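Quick one: the structure is below, questions incoming.
For reference, chains read A, B, C and D in written order, and residue numbers begin at 1 within each chain.
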Amino acid sequence: MEKLKVGIVGLGRLGKIHAGNIANKIRNAELTAACSIVPAELEYAKTELGVEKVYLDYREMLRDPDVDAVVIVTTSREHCWQIEAALDAGKHVFSEKPLGVDVEQCHMAEAAVERHPEKTFMLGFMRRYDRSYAYAKQKIDSGAIGTPYLVKATGIDPEALVEGAIRFAKTSGGIFLDMAIHDIDLMRWFLGAEVTEVYAMGATFKHPAFREAGDDETGLAVYRFANGAMGMVHVGRTAPYGYHVETEIVGTEGTIRISAVPEKNLARLYNGAGVVTECVEGFPERFAEAYLLEMEEFVDCALTGRQPGVSVYDGTESTKIGYATTEAWKTGKAVKL
Amino acid sequence: MEKLKVGIVGLGRLGKIHAGNIANKIRNAELTAACSIVPAELEYAKTELGVEKVYLDYREMLRDPDVDAVVIVTTSREHCWQIEAALDAGKHVFSEKPLGVDVEQCHMAEAAVERHPEKTFMLGFMRRYDRSYAYAKQKIDSGAIGTPYLVKATGIDPEALVEGAIRFAKTSGGIFLDMAIHDIDLMRWFLGAEVTEVYAMGATFKHPAFREAGDDETGLAVYRFANGAMGMVHVGRTAPYGYHVETEIVGTEGTIRISAVPEKNLARLYNGAGVVTECVEGFPERFAEAYLLEMEEFVDCALTGRQPGVSVYDGTESTKIGYATTEAWKTGKAVKL
Amino acid sequence: MEKLKVGIVGLGRLGKIHAGNIANKIRNAELTAACSIVPAELEYAKTELGVEKVYLDYREMLRDPDVDAVVIVTTSREHCWQIEAALDAGKHVFSEKPLGVDVEQCHMAEAAVERHPEKTFMLGFMRRYDRSYAYAKQKIDSGAIGTPYLVKATGIDPEALVEGAIRFAKTSGGIFLDMAIHDIDLMRWFLGAEVTEVYAMGATFKHPAFREAGDDETGLAVYRFANGAMGMVHVGRTAPYGYHVETEIVGTEGTIRISAVPEKNLARLYNGAGVVTECVEGFPERFAEAYLLEMEEFVDCALTGRQPGVSVYDGTESTKIGYATTEAWKTGKAVKL
Amino acid sequence: MEKLKVGIVGLGRLGKIHAGNIANKIRNAELTAACSIVPAELEYAKTELGVEKVYLDYREMLRDPDVDAVVIVTTSREHCWQIEAALDAGKHVFSEKPLGVDVEQCHMAEAAVERHPEKTFMLGFMRRYDRSYAYAKQKIDSGAIGTPYLVKATGIDPEALVEGAIRFAKTSGGIFLDMAIHDIDLMRWFLGAEVTEVYAMGATFKHPAFREAGDDETGLAVYRFANGAMGMVHVGRTAPYGYHVETEIVGTEGTIRISAVPEKNLARLYNGAGVVTECVEGFPERFAEAYLLEMEEFVDCALTGRQPGVSVYDGTESTKIGYATTEAWKTGKAVKL
């Protein structure tokens, strides 16, 4: 069996998830190399994942002929140049979202992708690969809800992790860039149309530190699309019950709602509080399978010369919309795209 | 508008519910008289419900020409003779369940009903009038689940009220007579068949006082029906989450399940415990509307000369089955009917 | 028992609900008079409800000393002058929502209410009296979700009734005035704050007739409140599954969501389609109990000299916000209040 | 990394699932050999899974030094001797349930296991490894529901697969042996006690072919346990909505219910039928992850010299209880163990 030899760059929380999947759970992939500027992460790759070649220097890893594909899980501002460098070095590329931190960067990445049409490029919009989201898309494509014309998306991080969010509030780019990218991508994907205008607002009621950092705890944005459809995004960081990602797609003949109750599993407790559904605690738990499925798709695309459903342009568009949303939020005015 | 003049006997917890409905919520009924051996209950009838005629002596109330119909909410052992006496006095009769505490009594009540076919007689199997149960019956009658062949019934009283149950454990007749009568009636109603055999058992894990009184905390019984159908009843007294009545009817083409989550209302709390549905606290809350609807049906039947869907024979059958279940439970052997 | 003598004006679909409740289900009320410009409605009042005094002329009914209170269920443009006239005639007044069709009218009604502080005035925001909404409010007031800072409200009429909506599209004032008033009131009630800005949009994907009439099929609006809180309203007219009113209140310590599944009752069908919850078909079914409870509250207020929780100012505010929403929708610009 | 070299015997529907997991999804396992009496299955192993060594003769595979462990997925009557032969050949053994088709066989397997304490033996009660069941067990062990005293288990195969069940009705051993083994194991696991008596019955309402073959379409059994606890098992073969495995554990302080709605995923459809949850279609879909997790546990046990939670005695006990249930069903009498 042919195996894709993968080098990963970045082994933080999410990087470890990807690395573990590639090393242990994908039969036609092999984690041959790892790169990080954090020595402890390289140590982790060696001892926990059995990676033999580790690099402090990304460009050095790109010169390794034992690396067919690069998986980029670094901080957002590094994504675009690393994408370009990897493609120019003849590697297939998987990059975590967002594509870039500004639109100019994104266009640079687009150009690199266009220069190397024979290389697979994929962006990590893993929600599209989640079993429930994929089912919803398939239902919609089969006409189950007629023409979809409104998406209502909710994404709330757990209060249990709020300290981390506060710590990064000054540098995160604000709640919409930080948290709404997946929801923006889902709206575009489900509606099959592009945003033409956005209006947004924010609120901070629990942790004033967000506002002090120029950020907000919770954001609410609404969108008009070119085909007349509409969208709504509610993002937040303080769900006391866990991690809550919910999406509703309203169509002319029906509605699909995904995960109104962010259940941990199929068990329900009947106790003194009532009937209780415990909730997923964070994105690694909620999207564990989606992370695996998207990586399987990337590996399969790279080995068979296909391009995945998620393109570099999806990355540029969602970044553009994220910036427009942020501008709307900051100025209090509707922003046209 | 013609109004049915009603005299009630028994004004305990459930009696007050019926009395309040008749006095205040049923337009074509009037609570003209009340009878009780408890003076405080008569005082309640006078001051809270505006009843003018109150009686310590049941037979005296039966002589009152201002009473067209009698509603019997006394202790179970009084039901049958009070039914007979009322019918013989020319009154319509509504009696709470169970019909009687032995089958002989029940036959006496049957005879009285047969002697007075022009009088309406109704037994208080109010679950049949609950919106969800009535909907299930209608669905089944319309063929929505094909032929029903299995009923699984659950009825658990709240732990919050267990002290009362312990107090009456010695005299209640045991958990199946005390708690399973409604479930037995529902099985017969949904399956349209009679029980031919029952096997039963009990357990006591939380309050040894039940076992010390010769009773059990929880009971489990299974039934064969004449047409080959099957039934299961699980009754208990210690639900920490509230009052739980759940019924499932399995048919050849589908299943209907009523109240798997005994929700208090349509609100869901998302809090530190997870997603929580608070539960109904007791039968008065769960079946408030059913108590009203069954009484409206009784009043309407009496005024128009109809007989309701629940007959005296339903009372005899459910009592017979209750006794057979109790015998099965006590002897550990299957009992044939 | 003292009874409130009520005259009703308007006996259309909703008028019949109120009239039936007053005539038959509220013990301390009596429907003594009815007024309508439609003779068939007066005939209905006489024959179905036993009302003895019927009027074609509203002012004539106001002169009837046998009328203590007036219940106004006429078309929206009549509400304000009828409120004023009734109060000036010494009657208690219950008026259906909206208070008026413009803010000037509303101020006239306010002045009338202020002239007669000894008379009870109540506006028909019945959702506040729905068991689930009242429970949510009580939970919130008890601190169960901390400080509420975001309300997401959805109200969608059934596709089954869309023909009626199309017929009235030209004169309804547009989807937000027609359908969002209850949601606007709920946002204000739950958040305890006033709207300062609104942004809105609409879409029509199924029935072009709405757009041809200058209306939209679906509307989406977001609100800023004076205390920094936020709101979202999604209204529509084409739910294929029934009548869908859902409300979510997000607070610093938890969230309450009401009726994510607009269940008809507690039964679930397991059939070839999956596990199915049938939905309520319209507002009379969904809010049957709320209509009764609000009227009981009105009657009790009138008899005891109290004022209810819903004031004339709630009517003015919701109307103002409804107009601002409509302006935002029509102009595509955020509108400040 | 050390890898366990596995030989599989039997590559039918379930065999393929295990083989695929071992070959592709478990990092420290390798599928080195496959055995089947069906040549097409061996062809499948070679071409689809890359297995190099294939055997028509089981004993020949046992002589292969490249096989550390054997996974047995043959028909039930072969399990015990194959277990014995493999252990005696020095292999670790994983066997599908049931352990054997009679108790004598089971004791033979027990003796083999006892002869080779250094070899890992595991029985395929995969439900224990399902995320929701494992969570329930952990909750129960942590005291979340107090002392568990009643388990209600339901397992219904989809109507879509009924033809296969009819075909095997004559040889399946009857509905309880065929379908209740997992439920019996779960009862024992959750209650931590052994069955002392069983009473059972069956019904056939849709497909008379079952009865003609001496079998039943649906079975209902109740159990007493040595510690006073109780159990109920409802098995069937004709669920029109899919594959339904549901389990409820009732304890003194609460209840846990798993999968009352056998949801396919987290999406809900709101359409003309109401609010619909599509259901899982069969055991491979419902327990896909559990099959993987149990095999990971087996591999880890074998590599580290541990014994898993599921022992050979669990196999004997569940088989005993399965036979006793069958006897109770056939004779209509309670059967003591």
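Criterion: a residue touches a chain if its C-beta (ideal position, glycine included) is under 8 Å from a C-beta of that chain, and two chains touch if they have at least 3 such contacts.
These numbers come from a predicted model, not from an experiment.
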A student comparing A-D to C-D should find more C-beta pairs in contact for A-D
Taking each chain's centre as the mean of its Cα atoms, which chain lies farthest from subunit A?
-> B
Taking each chain's mean CA coordinate, subunit A and subunit D are separated, in whole Å, by 38
Which whole number of Å gives the spacing of the CA centres of subunit A and subunit C?
-> 42
Between subunit C and subunit D, centroid-to-centroid distance (C-alpha), Å = 56
Subunit A residues counted as touching two or more neighbouring chains = 239-241, 253-255, 257, 260, 263-264, 268-272
Please name which positions on subunit D make contact with subunit C in the complex.
-> 239-242, 244, 261-264, 268-279
Taking the complex as given, what residues does subunit A use to touch subunit D?
-> 1, 23-25, 27, 50, 131-132, 135-136, 139, 144-145, 253-260, 263-272
The residues of subunit B that touch subunit D in their complex are 146-147, 149-150, 152, 197, 199, 201, 203-206, 218, 220, 222, 224, 228-230, 232, 234, 236, 238-241, 250, 252-255, 257, 260, 332-334
